[in-house]
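The chains carry the letters A, B, C, D, E and F, assigned in the order they are written, with residues numbered from 1 in each.
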Amino acid sequence: MRTTAHTPKQEGTSSAKMLRAMLGIGILSAFLIVSAFELTLPRVEKLKAEALEKAVFNVLPGTESTRSFGINSQGKIIEIAKGDTPEYTLYAGYDKDEKLVGYAVEASGQGYADLIRILYGYNPKEQVLIGFQVLESKETPGLGDKIEKEERFLENFKALDVRVTSEGLLRNKVITVKQGEKQNAWEIDGITGATISSRAIGNIIGSSTTEVVPVLRRHSLKMDGAKPLEKQAESNE
Amino acid sequence: MNTESLGTIFLNAALVNNFVLAYFLGICPFLGVSGAVKTASKMGMAVMFVMVISSMCAFGIHTFLAAINAPYLQLISYIVVIASTVQLVEMFIKKMSPSLFRSLGIFLPLITTNCAILGVALFQTNKGYGFIESVVYALGAGAGFTLALLLIAGLREQLNFADVPQISKGTALTLFIAGILSLCFMGFAGLGAQ
Amino acid sequence: MSRETTSSVPKATTTDEFIKGLWRENPVFVQVLGMCPVLAVSNTAENALAMGLATAFVLLMSNILVSLLRDFIPKQVRIASYILIIATFVTVTDYAIQAISVELYKSLGAFISLIVVNCLILSRAEAFASKNTVWKSTLDALGMGAGFTFALFCLGAVREILGNGSIFEWALFPEGFQNWIVMILPAGGFFTLAGWLLIINVIQTRKVKS
Amino acid sequence: MSVLGAIAVLGGLTFLLAIILIIANKKLYVYEDPRIDTVEDMLPHANCGACGYPGCRPFAEALVLQKSLPGKCSVSSDDGRKAIAEFLGVALGAEEKQVARLACAGGTNVAINRARYNGIQSCQAAALISGGGKGCFWGCLGHGDCEVVCDFDAITMDEHGLPVVDVDKCTACGDCVEACPKDLFSLQPISHRLWVACKNLEHGNAILEDCQVACTACGKCAMDAPGELIAMKHNLPVVNYAENHNTQIPIQRCPTGAIVWLDDNGVAIKGKESAPIIRKGSRSMGSS
Amino acid sequence: MALFNFHKNTFKNGIHPPESKDETRGLPIRQFPFPPVIILPMAQHIGTPSEIVVREGQEVLRGALLAKAVGYLSVPMHAPVSGIIRKIGNVPTISGKMSPGIYLETFPFSTQEVLEGKPIDPDNASAEEILQGIQDAGIVGLGGAAFPTHVKLKVPEGKKCETLIINGIECEPYLTTDHRVMLEQESDIFMGIKYLLKATGAEKAIIGIEANKQDAADHLGRHIPENLPVSIKVLPVKYPQGAEKMLVTSLLQKEVPSQGFPIEVGVVVVNIATTAEIGRLLPHGRGIQERVITIAGPGVKKKGNYRIPVGTPLRFVLEHVGVDEDIKEVYMGGPMMGVAVSNLDISIVKGTSGILVFTGKDVGASDKIYPCIKCGACLDACPILLNPSKLGVLAKFEAYDEMARDFHLMDCFECGSCTYVCPSHIPLVQYFRLAKRVVRKRQAEKKEEVNV
Amino acid sequence: MFKKTLDISSSPHIYKGRSTDDIMKNVVWALLPVVGFSVYSFGWNALLVIATATLACVMTEHVLCKLSKKETTVQDYSALITGLLLGLTLPPIFPLWMAFVGGVIGIALGKYVFGGLGYNVFNPALVGRAVLQAAFPVAITTWHPAFLADRFTTVSGSVFTWPFMQPQFDAISGATPLSAFKFDGITTSTAELAFGQISGSAGETCAVLIALGGLYLIARNMMSWRIPVAVLVSAFLLSGLLYLINSQVYPSPFFMLFSGGLMLGAVFMATDMVSSPITPMGLWVYGGIIGILTIVIRIWSGLPEGVMYSILLANAISPHIDTVIRNRVYGTQRKVKAI
């Protein structure tokens, strides 16, 4: 590939022609891109929503419909408008009676190879985590990716204790322990051979729950049903 | 939400997820310019420089596009900005130092089509890095690219004087070395995870 | 990247334009172009095929458009224009794939966007489409695209078979097969491509001898 | 709405890019004669240096600047040279095709080795050790440095350890001339058929101990040759090619066949009276 | 690799080959018979070959001038025997090239008296006169290099010679000529030193001797004349201590600059045999006719140190001392730097310090050559601190220019230490010699181009 | 008398009389005690694994030489050493077919493609091991306790796994001192480490025997003493410094020195002459890089052990070390050469 500058100036290629060509192509490109975007938008959004719902249903068994929320930097639950980037993203799941099943919370942290993004389901009534799913990870196949597949590991998240104290703080921080040494309900039984990855999960859930669970717990009682958030009265536990 | 420290970002981009050896970005110049240490270091520096500049530009563009709500223009604006940056750098070098231009030869325009540079811009956006983080990320990626290039160049220079079997001469050998180096870099996995 | 030979080859027939990309001038195995996606997205046969097709699509469209506009674009801005054209089609492809399957989009990741910097596409635009008719450019793009897809598939198949014991996620081996995880790691990509090049080298040296 | 926005943004961007390119094109433009690229493409890319320039590109530059002529490239085909000359509108500057000729005929079947050489299998290396062990001090050592150095596969070693030049493949690049430690190769116009295949400076028959086909400086060729065609210098016949050298007379009475007539393929024809070679088959050139 | 090498009284690296000197070190120098024919090549020294001034058929007396020096870098040649010039023509030399030369037939019954010339008075002659005298005597470095001595002694302008070093190291295995010369010709040596001090203007002289010749050191020490500023230094045994640069470092702890001469650190080094020859010849104004040579090696029957006329054919020498049936290789010089002989018709020259005959079972049957495994033994051996390993690999791939540019190839003086220790049996020295030749050729070509 | 043709050859005409295969042979001798201890502590399992790896290496070398129509280079012992070293770095109950694959890859990929002995830029045994580590991460990190009572009566089932099949490991498995430390914070006493009372790779457990083998080679001048010293000293210094800073978090330097493959790597792997630099100063730097990288990987990365990666990385750096660090040639000024 030779660069443009090699060629000597030819007659007729004035700056205007260059400008015209570039602008022409730019406008053409804009048309093409926008039409592609507009055409695919509905389907892309639908697919995305479906995928999300699938994940939420997975971590919150029994969910029929979802709504997404965020927690802002002041620790308030807000509804997400387009383009917002809240501190934590979460989805409330409701069963067929429109009753709250729980919250699906997104969290992420450094894993063995790269960032791990997960979704976990929180049941505010029982004060336990009831589901867990890895959204994105680059952990070593066959080793680190056991956190996604190994049944015994996923078993941990059927009822992981995240009770809140009366002061509104998490009673016990979630932690990963060595495989086979789980003693308390708030401990995650780790995976030998994927120690780093399973610990990373513990860390991610641990730090996320410490922040998120107290907030959710505070609000959960008031958020029954599909009532809009704003109309709920503030009250203490 | 993102709790990575700047050091972790740098190490991650340079070693753990080395752009060449783990993400396969910038393979073309990697194969082409890694024959001699001298050119490799020059190329590495050039790429690093362009990376940082385009990373800054990309951050600006991303902010702007988010403001006007036109994410679909992201890719095309990134590449346009990178292309013009490279073009400028190239012309500048050609004017200032023809010998440097000749030694980098046809690979300067190739920086335009160097996926590593576009990769930095795209990944920093995907990861939601801020300005400082983006620059550090680009620096790390550039350093990692240069490191990989230098390592391979050193080995290839040494292998110029080896009885390499006819069948593994050329690109195949470079790829084999790259593969082994990629295995080596796996040793850094998890660096900064704790 | 490589000094182009096509333009100096006198009067190739139409089939030739198509066939050459498949083997004689195979973009991956012979010209060693567009390596990044070849290595990055070839960890399974399916990804490889999807990536190959996406690239081929962009290649085809941009070749056609470049060929159409070849008299309109002044030389000084031709690279910039080509990149604009390519970027446009890549963005289009990007949304198309998003609309087809979220899963696929996730596994191909940023490499869809990175098609834009695939040297293969730019080099075809520069070396062929800018000098030839639309029909020829179409054939060239089809041939090169097919060659690229074929090469990607060759890599993806090997890596998936060894690394995952399956092909198109269909298990090939009985239960208990030990996956060679290295094959789906980055290093495996390098090794597989190097291995293919080695095999091609052996074939070619044999040919020269006989 | 979004279409308009996109057009505005992208239009702006491309406008910016175009402006940058236009300015760069004007301000930073470096003129380089495009003909250099074209000529370089037309050259054979052998980078052999036969033209006197370090490689094809410098030669191309010289050609464009008219510092040299296309005929200097001995590797190109005739058509190639003509094409370049036409393209640049200059004279061809062609010279007659030259080939490398070897001034030794002492293969292992006729010449003896005094000592067995052990070491790096290369004439240049062997020549450094007591001259390489060949009986004749001037003769070809036969380790084939010229074969290795020839980029055009024009030289092959025959069964008697002597290099044979393929006249068609030889481009007269001069690499073998450089490589031979005994200076046995020289470039000769292909029309020069009369050839002295010996460099032995000794007078008399003593040399025949070492090599049966050596020149004994008997001077018969010089006597027979018409006019001033051949003169004896330092005990060797020297052909004056400026004379009419298209004659086979001088070779006829050579007792050893040291002066020969080369046919179209470079095969040596010996005179009628040259002694037949007694030692048949090849002798050991030393361990290898 | 020396763990505790403090570089005291010695240089860095180096090797310890078996000395093999026991068989001849005790044998006194004996006169060798005159051969029936002397074959005298004119290219015996570095520089321009001498120009023959006699004609065929001419009768000459021993010591008469046969050829004169051509220019400064050249020396004259004297008749080694009384006899008649039979033929002037090409004679074979050890380099494998023919050189102009003289065939001199010895008078069988001559007394072989040596012709005397103009004597040089050691006390009153000026430095220039002495230098001229040395050139006229045809003296070249007798250690093996055969570099015209008067050129070496000439102190360039602006430089000053502080120390004169007399090289009595003789580090080459087998050779014992210098050893014997030191034991038997002490007065010649001191006379020579007297001339040399005057010629160079040096204030003091040091005789360097290796510890394996302690008897010679003691002997010389006992005979140092009064008022002669000479000291004797005994150095630990190590090869190649006899090389000029190494010796300067060992004695003075100074390094001679790369590609430079010892004079740049104020030193002139002269071989002890050369010194003795100067001291022997100059008082009589004679030219050099013979030299002391060790004939040794497993294949020789009558080993010993002989005084042999220059020009004696090798074949005659070997016939006279008797050699083993299984003779395989013959070297002129020591086993480390000596040159293998392809042809017994060549003759003894001024630079020949030894003749070694090896038989089939002694020559290490050239072992299989392995690729370089970078063991680094050569680095630990190279006295110049080069990287022979890298140089060897580069040479194999003919990257000669790179060798000279980046790896100081031209500093190699071919001592052979690297090849001696190489476990892969790579012929490094031969590669380097070849490379140096090519590099010199290319440099000369470049110069030519510039001049044109 | 002089009928015979003389031979001519280049000077020097005498040689020290040590050949490359002598050196290689001695490395094998030095390795044998380590192999012996490995068999003693892990039983037939270890013997089978080491033998298979060795066989694979030697066979591959031979076959590749034949295929490329060259004289076989098996008798130079280098393939044997590669095989032994590879075997010694594998867990003792490693499936044999995987060990075989490792040997083939080590020789083919680590040595043959670069041109064979003398040109391999990486240590072939470690290339084989690195590929195995990446390919079969589970099998290669499943350890086995030493000195089991039945080690000479039974062979672990996983060893005889069918080719290409996943091994089924026995219930008893041990953790190496390093992984025990990394993941559970348990340290092992230095005495246990030094005398191999621990689980780990077949050959890395007995630091004392390894050191003795190294001393033998150093005494015979067949190995550079600088590399192991540099590796061990730099590792000791860095880990010692960390220990001084916070002895709660960081383990003692002695633990670092004697655990894992550091000793084996420092003595037998890093000292591979071909893939290490050549100048004395370069060797110090090279060893230092290995030692420091090892500690860095052990402490800060996700892996418990990093010797293999450190050595391979240092191999890759060694051409640069050779370019930058050169001997000051006699009679020249020391100058720093920029790349």
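Rule of thumb we're sticking to: contacts are C-beta pairs under 8 Å (C-beta built on N, C-alpha and C of every residue); 3 or more make two chains touch, one makes a residue touch a chain.
These numbers were taken from a predicted model, which means no experiment stands behind them.
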**Message:** Show me the overlap between the contact partners of chain D and those of chain F.
**Reply:** A, B, C, E
**Request:** Sort the chain pairs by how many C-beta pairs are in contact and tell me the top one.
**Result:** E-F
**Prompt:** Whole-Å distance, chain A centre to chain B centre, using C-alpha means?
**Reply:** 30
**Message:** Averaging over Cα atoms per chain, report the distance between chain B and chain E in Å.
**Reply:** 60
**Message:** So the centre of each chain is just the mean of its C-alpha atoms; given that, what is the distance between chain A and chain D in Å?
**Reply:** 74
**Item:** Inter-centroid spacing, chain F versus chain B (mean Cα positions, whole Å)
**Value:** 33
**Request:** For chain E, jot down the residues that touch at least 2 other chains.
**Result:** 339-343, 366, 371, 427, 430, 433
**Fill in**
chain B residues touching 2+ other chains are 72-73, 76, 80, 83-84, 87, 91, 94, 106, 109-110, 163, 168, 172-173, 176, 180, 183, 186, 189-190, 192-193
**Message:** Two or more other chains touching the same residue: where does that happen in chain F?
**Reply:** 6-10, 109, 113, 115-116, 118-119, 131, 134, 137, 302
**Request:** Take each protein chain as a node, join two nodes whenever their chains touch, and name the resulting shape: line, ring, star, complete or other.
**Result:** other
**Prompt:** Using the touch rule from the top of the page, what pairs of chains touch, sorted by label?
**Reply:** A-B, A-C, A-D, A-F, B-C, B-D, B-E, B-F, C-D, C-F, D-E, D-F, E-F
**Item:** Contacting residues of chain D [partner chain E, same complex]
**Value:** 114-115, 118-120, 122, 124-125, 127-133, 137, 201-202, 287
**Item:** Footprint of chain C on chain D - complex, ascending
**Value:** 14, 17-18, 21-22, 25
**Complete:** Within the complex, chain E is touched by chain F residues 1-2, 4, 6-23, 76, 115-119, 221, 224, 273-274, 276, 278-280, 322, 326-332
**Asked** Tell me, which parts of chain F touch chain A in their complex?
**Response** 137-138, 141-142, 179, 182-184, 302
**Asked** In their shared complex, at which residues does chain C touch chain D?
**Response** 76-77, 80, 84
